[in-house]
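Please find the structures below.
Look for subunit A in each of the two complexes below; its partner is subunit B in the first and subunit C in the second.
Right, the complex of A and B next:
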């Protein structure tokens, strides 16, 4: 637990000082909102609104991939990753610290870009804000758990920018399926459907366990 | 090869047939090694000989392709081993965006030291870095960063210290201070010192081995009498291992 907190604190402090990942992810997510706003055919605002839940997750997923790509870049300078790998603890705790820092970053971007979506498409998300926030966090956990593992795997490859989305996106289908279905129904009816929520919860659990256990080997040379 | 190990005593570090391959390239050929507790072994050799690979295998950063490792006669439990080992590597292992104090406090937290801030402050004092303690390490000179890196490796007062060119970038005062520390820890801490500085190696080590293209040879203890004797023995060993490798 000490190691988790130390890594989390370190990642957030470095991000707070540079803000480079947060700004890049946020600009990307807002750009997606702008593009989609102008892409919506005039006079069909209602149809566009129906697609907002799916579009939200499109923006969030790609912003997450962008942020995760940089997650281990800060560990490469001065080979700081070796110092983490030398820590006398199960390396799964290092994974949890980094994944949690990524979840915090992604949920910040999700919150701010959801406001941009609501304003651009005239949606009133306020009545479902609490449940939407829970869904966003659950989705972020799914994306960031396996994403953090793959980011660590990709960082030592020569073409890491290509490797991360190639490894990550195909396996994110169950997370996206669950999250998008839940968000669609939540925005439309104000209710959370149990079946896709179950899929999201189970996928999060499985991804977390696999990544926690796999991280020990990923940090080996 | 018995390096600095007394007959009958359990060595602090013992390797049997330790090997490391990178695909078809053999970075370390089967190596038998025993280092007695509290002694210093100098690991010498030309560039690309496998010295850093050996330290990374011993530290647990890399997995061996073959062979076994024992620490105080016990098989290498990776987490337990990492608790006992401090590594000063080629790179400083520091975060440029964090200050020297924050880097050391982070290391202290990772090694579960009781009072991380206090320990960081103590190490900054020892390295004469208090004046620069709250500046980001990214703005430090190579020598200053190396002093922080040395402090980082010592944060948990390790029983075994692995040093890969630790004098790199240090000014003469800092280099002498490090050499003094290493000399003072003899008998208490087991060290492996990778260095191209034969004078330092001769003055600090109890035994020496030479690595050439992954092949190791122990030098006679008498060679550690002076830098000249060590230089002579080193050149002979490099030449012999080189011709064996070509044969």
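Right, the complex of A and C next:
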């Protein structure tokens, strides 16, 4: 548990001092909003609004892939990854510390970019803000659990920039579909549907277990 | 310097013989199978497409199983099994993903439909293409085996999740349901069954050959490393 908190504190402190990942992810997510807005057919604002939940999650997934790509890059400097591997604790706790730091970072980007989406597409998200935040956190847990594990693998491949999205995206469909269906219904009716929420919760659980156990073998050098 | 024969070579001849016999029987049965009155000749893709799907899913499941066994027993042979199963599975998946749309265009009038089974299979194909790329972009045989094992296990674990996810999103499927006892027309049962036997035999033959290849590659790498170490000393 102490290892989890130490890794979490270290990652958040590094991010707080540099803020480079946060800024890059946020600018990227907002850029996706701008591109999608201009890609939408002109004069069909109602149709565009109906697609906002899907577009929102597409922007968040791509921003997450971008941010996770840097998650282990710093650990390569001065061979910090080997030092992490030598920590006298179950490596699953190191994973949880890194993943939790990534979830906090992604959730911050989600909150800020949701405001940009709401303004650009004329949506009033304020009445559902609390439940949308819970959904965003659940989605971020799903994205960052396997994402952190794959980031640790991709960083040690010869084609790291390409490898992470190739590894992540085909496996993120249950997270994406569960989160998009929940968000669509939440924005349209103010209610959270049970089946997609169930899918999201189960997916988060399965991904966390695989990543917690799998991280032992990723750091084993 | 001659190398010792790989342990799988005795399977090599057996699978080759079964494949040759079943392939001849399958081609003869398909050639003489009755033509479906509604679909015409294109209906004969039924004797290719489901057998290819069988090979693809066999490959994907064996990849996950091989990876899990490798992590559990730390035995290189299971990694060879997982790598071979992924490559052969992807090959069968390509046949399935090519034959399906050809049949769909002739029967449904369109190449593709984003329904449950098609989307699920396409995603699975991408997972295993990523698996093969991960293997080729990673250096060090031990690291390749560990990374690939974890990704292979994750790929298999996501199959049921993807199933529920796409079921939730896609709605009614237009893909034909699983074939029941009398859902095939008269005279179509034997060529269909022989197609499954041939696909299984082809899968086994290719799997054994690919495992042999993996074994020979790692044996060569071991000998080269040994020769290098001797040269340095």
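Throughout what follows, the second predicted complex is superposed on the first by the 221 of 221 C-alpha atoms of A that agree within 3 Å, B and C clash if a C-alpha of one lies under 4 Å from a C-alpha of the other, contacts with A are read in each partner's own complex, and residues count from 1 in each chain.
The rule is short, and it goes like this: a residue touches a chain if its C-beta (ideal position, glycine included) is under 8 Å from a C-beta of that chain, and two chains touch if they have at least 3 such contacts.
Every value quoted in this text rests on a predicted model; they were computed, and no experiment measured them.
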First (subunit B), second (subunit C), both or neither touched by A:17: first
Touched partner set for A:114, first subunit B, second subunit C, both or neither: neither
Partner chain(s) touched by A:2 [first = subunit B, second = subunit C, both, neither]: first
Touching partner for A:143 - first (subunit B), second (subunit C), both, neither: neither
Touched partner set for A:89, first subunit B, second subunit C, both or neither: first
Contacts of A:52 with subunit B and subunit C, given as first, second, both or neither: neither
First (subunit B), second (subunit C), both or neither touched by A:80: first
Overlapping contact positions on subunit A, where the subunit C interface meets the subunit B interface: 220
Residues of subunit A that touch subunit C when the two form their complex: 146, 149-150, 153, 156-159, 163, 166-167, 169-171, 173-174, 177-178, 181, 195-196, 199, 202-203, 206, 210, 214, 217-218, 220
Residue ranges of subunit C in contact with subunit A within the complex: 71, 123-124, 126-127, 129-130, 133-134, 137-139, 143, 146-147, 149-151, 153-155, 157-158, 161-162, 164-166, 168-169
Subunit B contact footprint on subunit A (complex, rising order): 2-3, 5-7, 9-10, 13-14, 17-18, 74, 77-80, 82-90, 220-221
Complex interface listing, subunit B residues touching subunit A: 56, 59-63, 79-80, 82-83, 85, 87, 89-98, 102, 106-107, 109-112, 145, 152, 156
